[in-house]
Amino acid sequence: MTAVILIVAAFLVLLPFVYESRNLFILLTQIFVFSIFAMSYDLLLGFTGIVSFGHAMFFGIGAYSIGIFMKRFEPTLGYFLLAVLMTIALTAIVSFVVGLLTLRLKSHFYAMLTLSLSGLFLVLAEKWRSMTYGNDGFTFRVPEQFIDRTHFYWLCLFLMVAVFLLLKRFTNSPLGRVMQAIRENEQRTESLGYHVLHYKITASVVSGVLAGIAGVLYAVSLRFVNTSVFTMDITLDALLMTIIGGVGTLVGAIIGAGIIEFAHDWLTALAKEHAIFERWIIFFGIIYILVVMFFPKGIVGTLSSLSWKKKKQHAVKKEEKMAG
Amino acid sequence: MDLIINLTINGLATGMLIFLLAAGLTLIFGLMDVLNFAHGGLFAWGAYSGLWIYSQTGSFLAGIIGAILTGFILGIITERWIIKPVYGNHVQQILITLGLMLVLSEMLKVIWGPNQIMASPPDYLKGSWELGSIIIIKYRAFIILVGLFIFAAVQFVLKRTKIGLVVRAGVMNKEMVQSLGINIQKVFMFVFMMGAGMAALGGVLLGPYSGVIHAGMGMEFAILAFIVVVIGGMGNFKGSVLAAILVGLSGSFMAYYVPDLSLAVNMLLMAIVLIIRPQGLFGAKG
Amino acid sequence: MNKLLTLDQVETHIGQYHILQGVSFEVKKGEVTVLLGRNGAGKTTTLRTIMGLNQATKGTISFKGEAIQTLPTYTIAKRGIGYVPEDQGIFAGLTVEENMRVAIQTENEETAKRMEWILNLFPDLKKFWKKPGGLLSGGQKQMLAIARAYVNENELLLIDEPSKGLAPIVVEKVMESIIQMKDQTTIVLVEQNFMMASYIGDCFYIIDDGRTVSHGSMKQLKEDEEMKRKYLGIA
């Protein structure tokens, strides 16, 4: 598995040297950004069992932070870093407060509060015109280091891999193991003496901050930000990517991001030929429902449990042979 | 004074629409422990289908009945094929109902197009009554009356009929209800159907009130309904009507005085309730 | 044959725990069969498994000659089994009257007669007819639960520890009522209170570690000190 990932990563790193297609690189960059976003979602849903319906708000906070900093001040690396710090602070505070309010209650409450709170952020972005320019949003210049699309492509690729490795370590750490124990059986974990709420809030904060970073990268890649970053669609993207790719696997989130973004691109092109493809999301909605119902582990989970079964059969056969 | 009365009527009308949505949410939650994130989708479907029938037949009443029937049918389908297969698994339930919400709103756009659709009340509900200096817009009064009627009807069913009794008993102890020889699955189906019907009714009534309908309206109202359900206490029917009126009124007054903050105020209310009384403002559980 | 209920090597899992590992017994029509055994031996799970509230993973349960172990709870109840759970399962927010109305499956002369009879037996219920079930005392809740199970024409009543947590004088009252009902229906009783069990029971089964380990007539058990000490911890 690791070998496959390394080969794919190496291929993606080298790709710009052998192939030149601006559209493809923009698309791949988008996939890297959404992979980070979806992985942050997976940390919540897949590893801790928390359902958020307002993940867009962290994404949006990141996108607007960078946009406003670049627009109001100079588009330099210094202000860029300041905007990133601002994003981290804001997303950490918001996710901490939301977690504190709802994570001690039934799982419905977190989903509900995040949903309504992200609705509030959307309204805020629409109404606070002096800061956000309302619905239409605004364009901004980015630090010169990010102007070159290929450089930015590498940066996003690097960050995606870094976040992947970071979360891999995080979820395998003692802390991450407790989180997974919470997902499996919250009461038992509590009765083992773990303060479940602390772990859940930690997951909520880490996830919120990473989603904010994804938002920053997204806005920089577009050099534009508008209220769409706070809409339900963004949250739905994260949900579709994580669920279809496979929850609790991290790789699933990346694969899901790839599938959704490629399909989006492809189906949008098809929409010119038939209007039904403008509603491409409906297909994913149906697939999503079927996946939740029949393959709750998603693509990666289902495939790996299949191959695990095969391995087991293989092992049994081996034993039989040896016995014979 | 006139202004206050007008804002109050406005708030009550909005409150009643939210109530129609929240009533089903809270009953379904109380009985089945399912929070239906697709409820807003049923609301929007009620609006589209009802107004379509209204425009085809010219009869607003036919539109209302059509909307309610649409709600019933969608409710049965949702309960039977979407929610029943994942009973007992909270995370799966929450996820699947949101997926349904997505499909429902996209389907609306496929069938009726992605643009807003205009709506206006029938002639006999247009205009207003003047009582001295007070002007009461007929359609708003109509919404309030319908809301009160539905509240009374549901209250009657819950208190005076066998099925209502079973629903209340089911909220308290599902196992015991079954041990007494009652098929709780049928009760679930009934409650889901009724909840969906009320949501659809709310949707079709909203159309002429706001003048336009669009596919996103389901989500907008669902957010208000969630706030109401939390404030009123999850599973508490009476609490939901009081909370809906509270949210409707606060929305209407805030929209007049500080329009930008109206959602924020309701959110704040919800946050406070979550901190101090997660079981809801009104009464104990059950 | 006058066997009303038969359990044959019934096994039940709850989550990963193997609670019942082979419970077998027969209930004869018109008798009071008492299930005895230590706390956690599986008595309550046995009743819950009969009702279908826990799924039997192995074995058969037959009622009136038909297998019922795969039926849903409500069908089992409808076939004529009334159940009084350990916690009584009173609907706390409903009045006594409403509790009774939920229970009645079809209102007819027979249920009206039974209702009258049971209310005469428990005049307290009549007294608190319009009060919420949650406000009743422990004994009154027990009476309400028994009345609810009795009011339909059930051929079999499963009663789980009716004496639990009640004052001795109330236990006597409940015991008295069960004896009165004995003439009309068959009863399976789970009971820790040996005095009560031996007073109303006709025969007994002892469940230990999820298995039926011994049975006989109540008379035999009363004389068998060794058995009482071994499984019931009473000398």
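Per-chain residue numbering starts at 1, and chain names A, B and C are given in the order in which the chains are listed.
Here, a contact is a pair of C-beta atoms (placed from the backbone, for glycine too) under 8 Å apart; a residue touches a chain by one contact, two chains touch by 3 or more.
By chain, with names taken from UniProt: B = Branched-chain amino acid ABC transporter permease; C = ABC transporter ATP-binding protein.
What you are looking at is a predicted structure, and each value in this text was computed from that prediction instead of being measured.
Chemist: Considering B-C alongside A-B, which chain pair is linked by more C-beta pairs in contact?
Modeler: It is A-B, judged by the count of C-beta pairs in contact.
Chemist: Counting only C-alpha atoms to place each centre, which chain is farthest from subunit B?
Modeler: Most remote chain from subunit B, centroid-wise, comes out as C.
Chemist: From the C-alpha centre of subunit A to that of subunit C, how far is it in Å?
Modeler: About 54 Å, centre to centre.
Chemist: Could you grab the centroid distance between subunit A and subunit B? Build each centroid from C-alpha atoms only and quote it in angstrom.
Modeler: Taking the mean C-alpha position of each chain, the two centres sit 32 Å apart.
Chemist: Find the geometric centre of each of subunit B and subunit C from their Cα atoms only, then give the gap between the two centres in Å, rounded to an integer.
Modeler: 43
Chemist: Would you pull the subunit C residues touching subunit B in the complex into a rising list?
Modeler: 51, 53, 72-74, 77-78, 83, 85, 89, 91-94, 98-99, 101-103, 105, 148, 152
Chemist: Quick one: which bits of subunit A touch subunit B in the complex? Just the residue numbers, please.
Modeler: Touch residues, subunit A against subunit B: 45, 49, 51, 53, 101-102, 105-109, 111-113, 115-117, 119-120, 123-124, 127, 232, 236, 239, 243, 276, 278-279, 281-282, 285-286, 288-289, 292-293, 296.
Chemist: Considering only the defined contacts, which subunit B positions touch subunit A in the complex?
Modeler: 29, 35, 37, 82, 85-86, 90-92, 94-96, 98-100, 102-103, 106-107, 109-110, 114, 219-220, 223, 226-227, 229-230, 234, 260, 263-264, 267, 270-271, 274-275, 278
Chemist: Could you please specify the touching residues of subunit B with respect to subunit C in the complex?
Modeler: Listed in rising order, the residues are 162, 165-166, 168-169, 172-173, 175-184, 286.
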